[in-house]
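In order of appearance the chains are A, B, C, D, E and F, and numbering begins at 1 in each one.
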């Protein structure tokens, strides 16, 4: 499906643009989650085959001819775990932000100069 | 039919992504980011991946939004602390 | 200003990198070798309707174990960063309607979660989704500030017990079948295609993953949202 | 005990609606429902707050019909107001009183009010309900109570005692 | 004929999503945006059931079940944050 | 039978559309909530019922009933919580409103202490 592939790329680019231009730490994490969604859409649409159905072989799919009737199961399996891991990673980043805010009382990237050169 | 739904939802998702980047109010930005994952699960279903759609529906529309809101809450309370 | 130009250049480079990929992208009409092997194996050897589930639990079971470990590490990180401290801030009580309604919905969500993770091999869904549903049920209690007095030692117990049990089931495969079959579901009878009690140990393993994911995410939510 | 059994049966019905009626599903569903009943029934007190006699069950069935009729009426009402070019509304928040005591009954009353013509529960405080009304026709408490609450209350009073 | 009417119904529902999203863009306050999000979730449930019909797979309905049960929690969280409850 | 299902579905989708139009057109948050709760509830019920009537052979009545029940349970709770929060946050009613008993009684600050 070419449209969903384009949609995924656009989301990825918008997310990266947001991550690069925004100063607020929480906005950067929002940009990260948009990039996450975009990547997942790209991977799933690479696995899509035109006119075929989901890889769950119940009564509406012919069991004898199942190999020619279903889409690729591997990208689905990959993305499924990636979404859960993405949630945990987002939680970890946000707790870093809470910790930083409790220390410095600021959410702006400009106020964190320790690692600048 | 599938192409029409994907195009309309895709335009909405891209606009929502722009809003999430652009809006000044953090809570509004989080709501816009929620719209993206909400509609993403419909798109996964159209791409014949119901497992992914269910995961995204459970995590994207609920938990991600809530974790962001909890962060905002901690920051607001920290503001009022001293 | 220079910064902005650099950013635009970087994005332009990204677009140029992706364009040939988009233009020459040809969609396959057939499954690849590995995928068709998985589909056939799932139908003939494992008796599992959902191919995605059999890829996650069996063929790539070791990866899933690694992913659960990553989840555990992230949980530990959140728990380490956000230690609880008492705040004396006033917060508004939730409405009576929300309190009653969430007690009512709590049981329904738990029941649906159990349905989702026991039917991982028949319907879309499985341990990860069911675990998230259980987390959401507890989250609803936090939002409605109801105190059901669930104590945290039970949560820790469920988490560590399910982790250990997951590995033990995997080792049973080596013990009963052969050297190469860590996490093989054939340690239980395979049953009839399309029934609830089929596909060997897949429902059991996925239920354990569901409990593990549910308790870990509940810990994260509790650390981030609790007072 | 009787109410616990009823709780178990309703959980089992939800499971059967979800999973179908084959034998294995019913056995597993019974086990899961039994576990949930044992764990939660004693902790959540709201599930034992209703009467269980033939009259209450009869009134419950009537209530479902009344509620469905009001739901359809409310939708046509709102749809008409939306289409109309000038949006004929006359909104305001009014206070009404209820006699119900049971928590579950009060919640069901408030949700029914939310789903019926032009009314939306905003806040509850003891026996007072504050309701946003899209077309205020009587501004005093008695008149509003009569128009909004009493059509449901007479059934719910029997069911929840 | 019946198929055509089903497709028209789906397109009308899709137009509903677009209108709700317009309120989300315009909405002056956060509560307006949350109301728009609520409307979008409910219309999306109908759309998911339509896709299940269109692809002729009963099992897609499970997605709609999870969606209908979970999606209101996000709205409740936004509301509780607004009223300084959590 | 299939035709009947199609017509019910179309009626449901028109109600969904009108609900969304109400969200767009109404003058303040509370009136928008009225449109967004009521019209979309009956709309989605009719949409789902129409699809299951048109395809009675698929055996999916149970799941459709479950989805309808979940929508009826959860929708009023979220609107009520949101309306309460909006009133607490000080979002006013539209100028056309007649009265506001809740503001006059001022009970909101009493319930604040946990």
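Just so it is clear, a contact is a pair of C-beta atoms (placed from the backbone, for glycine too) under 8 Å apart; a residue touches a chain by one contact, two chains touch by 3 or more.
Quantities reported herein were computed from a predicted structural model and do not represent experimental measurements.
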item: Neighbouring chains common to chain C and chain F, by label; value: D, E
item: Chains touching both chain C and chain E; value: A, B, F
item: Farthest-lying chain, centroid of Cα atoms versus that of chain C; value: D
item: More contacts between chains, A-E or B-C; value: B-C
item: Centre distance in Å when chain A and chain B are each reduced to the mean of their C-alpha atoms; value: 11
item: Distance from the mean Cα position of chain F to that of chain A, given in whole angstrom; value: 31
item: Chain D and chain E: spacing of chain centres that average the CA atoms, whole Å; value: 23
item: Shared interface positions of chain D, touching two or more other chains; value: 14, 18, 110-111, 121, 123
item: Shared interface positions of chain E, touching two or more other chains; value: 10, 17-18, 34, 55, 57-60, 62-63, 65-66, 69-71, 73, 76-78, 80, 83-86
item: For chain A, residues contacting two or more additional chains; value: 6, 17, 21, 48, 53-54, 56, 58, 76-77, 80, 84, 87, 91, 94, 98
item: Chains grouped in pairs wherever the two touch, ordered by label; value: A-B, A-C, A-E, B-C, B-E, C-D, C-E, C-F, D-F, E-F
item: Contacting residues of chain B [partner chain A, same complex]; value: 2-3, 6-7, 10, 13-14, 17-18, 20-21, 26, 29-30, 33, 36-37, 40, 43-44, 46-52, 55-56, 59-60, 63-64, 67-68, 70-72, 74-75, 78
item: Complex contacts: residues of chain C adjacent to chain E; value: 91-94, 98, 105, 108-109, 112, 116, 123-125, 129, 133, 136, 139-140, 142-145, 225
item: For the chain E and chain C complex, residues of the former touching the latter; value: 59-60, 62-63, 65-66, 69-70, 73, 76-77, 80, 83-86
item: Touching residues (chain side chain B, partner chain E) in the complex; value: 1-2, 4-5, 8-9, 12, 15-16, 19, 25, 27-28, 31-32, 34-35, 38-39, 41-42, 45-46, 48, 50, 53-54, 57-58, 61-62, 65-66, 69-70, 72-73
item: Touch list for chain C against partner chain D, complex; value: 95-97, 100-101, 103-104, 106-108, 110-112, 114-115, 118-119, 148-149, 195-197
